[in-house]
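Naming follows writing order (A, B, C, D, E, F, G and H), and every chain is counted from residue 1.
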Amino acid sequence: MSKSTHIDTDNMEAIYHKPEAFTETPMRYCPGCTHGLAHRLVAEVIDELDIQHRTICIASVGCSVYAYEYFATDATQAAHGRAPAVATGIKRVRPDNIVFTYQGDGDLAAIGLAEVVHAAARAENFTVLFLNNAVFGMTQGQMAPTTLLGQKTTTTPQGRSIERGGYPLNVCEILATIPGVAYLARETMTSPKRVMHAKRSIRRAFEAQIQGLGFSLVELVSSCPTWWGLKPLEALKHIEEKMLPQYPLKVFVDKVSQASEAVAEGGD
Amino acid sequence: MSKSTHIDTDNMEAIYHKPEAFTETPMRYCPGCTHGLAHRLVAEVIDELDIQHRTICIASVGCSVYAYEYFATDATQAAHGRAPAVATGIKRVRPDNIVFTYQGDGDLAAIGLAEVVHAAARAENFTVLFLNNAVFGMTQGQMAPTTLLGQKTTTTPQGRSIERGGYPLNVCEILATIPGVAYLARETMTSPKRVMHAKRSIRRAFEAQIQGLGFSLVELVSSCPTWWGLKPLEALKHIEEKMLPQYPLKVFVDKVSQASEAVAEGGD
Amino acid sequence: MREELFMAGTGGQGALLAGQVLTQAVLEKGLNVSWYPIYSPEVRGGTTSCAMVITDGHVGSPISGRPTTVILMDARSVQQHIERTAAGGVALVNASLAHEMPPVSDVRIVEVTGTDIAIGLGNERTTNMVMLGAYIGLRPVVTIEELARALEAVLPERHRRFLDLNIRGLQAGLETCQEATDDT
Amino acid sequence: MREELFMAGTGGQGALLAGQVLTQAVLEKGLNVSWYPIYSPEVRGGTTSCAMVITDGHVGSPISGRPTTVILMDARSVQQHIERTAAGGVALVNASLAHEMPPVSDVRIVEVTGTDIAIGLGNERTTNMVMLGAYIGLRPVVTIEELARALEAVLPERHRRFLDLNIRGLQAGLETCQEATDDT
Amino acid sequence: MPIVIIDAEKCKGCGLCVAFCPKDNLELSKDLNEAGHYPATVKSQENCTGCKMCVLMCPDVCIEIYKEVEEVAASE
Amino acid sequence: MPIVIIDAEKCKGCGLCVAFCPKDNLELSKDLNEAGHYPATVKSQENCTGCKMCVLMCPDVCIEIYKEVEEVAASE
Amino acid sequence: MSEYVLMSGNEATAEGGIAGGCRYFFGYPITPQNKIPEYMSRNLPEVGGVYLQAESEVAAINMVYGAASTGARVMTTSSSPGISLMQEGLSYIVGAEVPCVVVNMVRGGPGLGNIGPAQSDYWLATRGAGHGDGRCLVYAPYSVQELHDWTARAFEIAERYRNPVMILADAILAQMIEPCKLQPRGQPPPLDKPWAIGGDSSERPRNIINSLYVNHDEEEAVNRRIQARYDQAARDDLYYSEYGDEDPEILVVAYGICARVCETAVERASEGGVKCRLLRPISLFPFPSEPLAQWAQLAHKALVVELSMGQFVEDVRLAVEGRCPVELLNRTGGNVVTPEDVTQKLFDMAAES
Amino acid sequence: MSEYVLMSGNEATAEGGIAGGCRYFFGYPITPQNKIPEYMSRNLPEVGGVYLQAESEVAAINMVYGAASTGARVMTTSSSPGISLMQEGLSYIVGAEVPCVVVNMVRGGPGLGNIGPAQSDYWLATRGAGHGDGRCLVYAPYSVQELHDWTARAFEIAERYRNPVMILADAILAQMIEPCKLQPRGQPPPLDKPWAIGGDSSERPRNIINSLYVNHDEEEAVNRRIQARYDQAARDDLYYSEYGDEDPEILVVAYGICARVCETAVERASEGGVKCRLLRPISLFPFPSEPLAQWAQLAHKALVVELSMGQFVEDVRLAVEGRCPVELLNRTGGNVVTPEDVTQKLFDMAAES
């Protein structure tokens, strides 16, 4: 067994400690899975914006189904793909709460595509965290709509071909055509710098919501070391080399800054 | 009662007669509704391409639900919004048949959005006729996703507002982001010239399918005189003045010509 | 008293509206009433009909297999529905549009040239009121004044300008029918 | 003969694989068999177990509330599952990882230092084979040769290089257990 | 000379053919057809150029146009 | 001097912190934790700059960093 | 009679919802209930509520789930195909134990069918909150007035049992116009139920609305808790009405529109010398098995009348348990039974014995 | 024993489909049946078939509808929440009278529930092809071998009745490994059924696959035609098995995995002096009511064992109609009954009388 050094931190200042918006529950993700990383960023943003007690998390169905156990906020667990509809229902009753969904690519891009697009079109004022790991993780590594061409999964044993599986779906590119979107970005978490970028986007997405600007979504190009059959670090490399060419990082829409500027210019 | 002049056409050449791909069944549409016009164009194209006996029509749920009565082809009637899934099932068994769906904007853009986007992403080799009349016609004029801002419908009595109904959904602009699309155009039928344009696009869409290039869709910006509360001619004017600014006419994707050129260049 | 009424016509003929006006009048009078529309399969140009029960007792079934009175506003309605009429019942027929009667027994057929009368009043569209007027001539469940008040309540705002015409239609129908009744 | 076997361990310990190897061997021997996996609620790091029935008759229920033998590969499994053991049954415990035994009556507890033996053989991962070897020492439903053949059939291609190690694990387990049996 | 034939029973009197005929050659009848519409009729066949604008705009496929068969040059 | 504390029981031994520490200050332990992972440990607290790269990359929020409280200038 | 207004069943249902405190409506149009969303889109904003047209019935029921999670009074309405699409969402709502009201104006089926009246969603309503062991509590009004009143009451019942309540009617009841006495528009109760999410969670434990129980014992406990609520509803919220003779020869059993038809038939049969009693279940789940069994003991025969191929009759047979023979008179596919059909059948049955 | 191979229920089901001539599979992953789509994605291309992963279960069942319209042998598989989502599509398939096969590996519910074994979709399976009067024909295998054989046979039955056939099992049967004797991979029959669309329509009347019947009489005729097929299935495709004593004191009724458990319990009870007979319905719809009623007449008591809150027992009660008291032993939410539980219950019941 590994030894655990006991250090008394009472008289010390934290450079970093677990976010308040996070529970003590250990996360069930596989080692090195970026789901946990994304969770942490969201929790940090909730802390920074001081909105923990008015935030509602909508967990979806995928490996992150237990998100409600990890975020120390009110929470609802939504049916597979329907988190944006559930969020809509909640937000329409409770416009002052901060509502976010946390969805995988199977959940959001396969079964739940209509719900997320329509929520965007309605300019629903909530935030979506979209974890794209190009695979159905929870159900054992089947093809997702976002699976890369040639990528082997448990249901594309020869690799995804256009003929049998179609093209990868770029959700952000679709959503970027919709005027109800207030903030839209694709980020990844393959290095400390990328992680900081991702966090900034997540923060901006929440700010868009707080400012009532409409729909916000951050896609996080993520890893599934388990079903990719790669070590955690290799998986990050795979993102850089294979995923990003298909899913280039970009801030597609940012009305937050525009709003801020508008405020700055207009006074009041 | 109106008198009907009997003219013997036996020894005459037809400049125009009812397409073969059309049955004798009178259509149930309201006077001046462009559904009938769109039907005729499709039937003419089927005649011109000489594919009547290998064509399968998928009727959807909307005023055009009886499409299977009008087209003299094999047909299936699909559940509301699911015509692209039904077409997928058929085409995967019968790749040599020419399959088209005929869907309204409620059917395709509301309940059936996921199905059409995924069919496009999979590059399914069939053709979609998408009649966008900015309203749910069959169910008595409710708001559709495509309803214009400010437009009064039976469920937007004050006119569609962003707050209560969201933004109009531009389906072609969404589909244009998807590589599985072989032909994609938005047309309308407000004048003879526009009608001829529309027909050309419909023909190209079918040609895309015949050439096996993938998914093809023609959006027809259409009228619903009944629920718009306008006379047929006024309704066409309304399309020109109000609908086209939101739904500009455009050929978004055309791989047919590229393919033809490729063939022309490459020989064989 | 229990009156079971069935009224049918082509889409635009206003059978439904006539039924609703009568329903309103019956309600105001303090009787019990039910009304429901029946749409024929054909979306456009099919027959439209409605079924009513008017009673001083318990409505019970709003559905009637053999209505005591049927009002048939065109030829197709007559062909399709005249058989429904209960034994001993009345079939009130718009004779302007329906000329052939299928054979029925134990049914009193009352013919009123509804459309002609309406055209005479200046608007074919008031045929439904002519027939309704005729109906209360036969079955005085409500008075013409009660119908007129009901009309006012039921007519949509944008058709209010037809109020007068409609009342004249009721009147003309009532008169014609009283004659017709006398004739029989 | 009817043997009801329950085998549990932590995710990575290979209880399922050991069960499948045994199932294969039993099938080859011509006995009837059923095997099914039970996943604990915890997605990762929870206990995994499987239940088997081995019989020369009719399998009937693949489910057993009181298995005749339980193989418990770590401390948590012992805590959670030792109680299941049928009266007069055997609990085969990996004593390398489980030190405390909950009180059970009328159960014969056989302790084998499975992990230590596996480490001794050069790879901790073969603990499951050591335990399986021990099991057939206690319940000779199949021979070690039959197990070895089954291993060859069941082991996925990419793990074929561990075949030898695994067979040595079986052997070591069988030996240890025969000793253990003698001891008790 | 092209001959325009309108199926008066199928016609719903929408008036689109009337509106788009460049020769102002069509009008709606004063008489209802069986289905209750005022169908389009041809004012005079003589004016018709066979341009098919009416056909193009008719939503109910009620219009057919014919012409007398001409001798076709043998070389074609 | 920053003090890096890794929760050895929560750690899943993914090695990302190890890979991204610019000071090569972390390593995976040779001993399994209860959950069966080889958790990350700090090689030596002295080298740590408190740059938080490890924290940023840890998917399981196992790392906290502290520093001694310094006197804060009164003017601030 | 001025307290009565003429209203269609659809409108009375919608206004019943508002009277019952419903302030949130999510739905997708479908005939024959389109007047409900139309009514809601006009009226809900007036009372500070929200009408939102969903992109589908799947989305609608999940919006309902979300809104219900906050403790709000929320409803959706649809007709047969739309209700099929709501099955997964309903199962989540039952599993997560949140209250809501769903109205089904049944039409002819299966498939696209037609828009005529039918009762062929009986099983879908009474057995189906989708997969798993949950069910909807189901109430079947038989007049415009009852549509109004039961819709209003449904919210209370739903909250009492933290379970969806379904109001089951048909295309005739939906479109029928009858005099209706409207209830005042009640104020909805406050949102902050002890279990509800939303608002400020700093002064209370955070709430989680969830139907995932990986631990089988926990899941079983949930199922048994839900079942206990159903058992309680069978004691406290069981409703039925009776009509006709007290010493019947024939027991007639029907619900909804068919019960209306049967009332008239029972009158006519009695006039014709055949004593009949109509038992009309208003609550279809819970089902009034006991009174039914008692009458079945008394009567010589039972007649079940339904607009479906023999669904409702199974619940009657389950309750009767062979105490008397049970016959079925049914129409389907949008067709209706008439009082004449039923009366004739009653005379025939009386003559046979 | 070389003709037997070890296979999981999932794999045996998939291979059963291929053996039965299935060449088209449309599905969406869900535990505990993921090995079926995986198997199909590997094996169907080998036999010239098509595996297509749909974007959802809603899409999957509608793809099935389309493919079935062509006369092809087509299947989909899922588990509880996914089956809920297929209800509308199933209703269309019934209404349009096209054959297909649907497999439901039931898991714990309601809602998201868990992935443990359950039988709580009994009503969803036997009552639910969604809205309207249609139903699925339902067969419940109880071993890996039967999963294989019944899946293969299901296509024939589906075509005979032009109706969906559902294979109903659970998470244990799905994942259990047993020896299985595989049937050869049969050739599917030709596509050109007289009613099927596709191919060249020039030499035959065009075909229309449709469930819309605006004419109520036509719709009623469809419903009565479908019902007549169900009646025929009740004569020709009714299956059940029996096990145990011929002069039972207690009649045990169970299906699927519970019937396995009950076999062992019946043996043990008999050894302990309590004579029992197990009646196991294999076809759940049509339901073997008659043999059940006959045994109920003979036995003193009946015990129903199910993994749900009292669904299956209702069909048993309907069949027994009071001939003997019927008791229920059940677990739910992913929990199972054990032979020990059942045996104990049988002893208790015997002791009580």
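List of remarks:
The rule we apply is simple: a residue touches a chain if its C-beta (ideal position, glycine included) is under 8 Å from a C-beta of that chain, and two chains touch if they have at least 3 such contacts.
Predicted model only: the values in this text are computed from it and were never measured.
In this assembly, the chain whose C-alpha centre lies farthest from chain G is F. Farthest chain from chain H, judged by C-alpha centroids: E. Centre-to-centre separation of chain A and chain B, using mean CA positions: 37 Å. Centroid to centroid, with C-alpha atoms defining each point, chain E and chain G lie 55 Å apart.
With centres taken as mean Cα positions, chain G sits 60 Å from chain F. In chain D, the positions touching at least two other chains are 41-42, 45. Residues of chain F in contact with at least two other chains: none.
Residue numbers of chain G whose C-beta contacts span two or more other chains: 50, 52, 55-56, 58, 81, 88, 92, 96, 111-112, 114, 210-212, 214-216. Of all residues in chain G, those touching chain B in their complex are 28-31, 34, 37-38, 41-42, 45, 50-53, 55-58, 81, 111-112.
Taken together, the chain G residues at the contact with chain H in this complex read 58, 80-81, 83-85, 87-88, 91-96, 106, 108-114, 116, 118, 120-121, 123-124, 127-134, 210-224, 227, 308-311, 314, 317-318, 321-323, 331-335. Contact residues of chain H toward chain D in the complex are 1, 4, 6, 114-115, 172, 175-179, 257, 260-265, 267, 336-341.
On the chain E side of its complex with chain C, the touching residues are 35-36.
Of all residues in chain A, those touching chain B in their complex are 110-114, 117-118, 121-124, 145, 162, 165-170, 173-174, 176-180.
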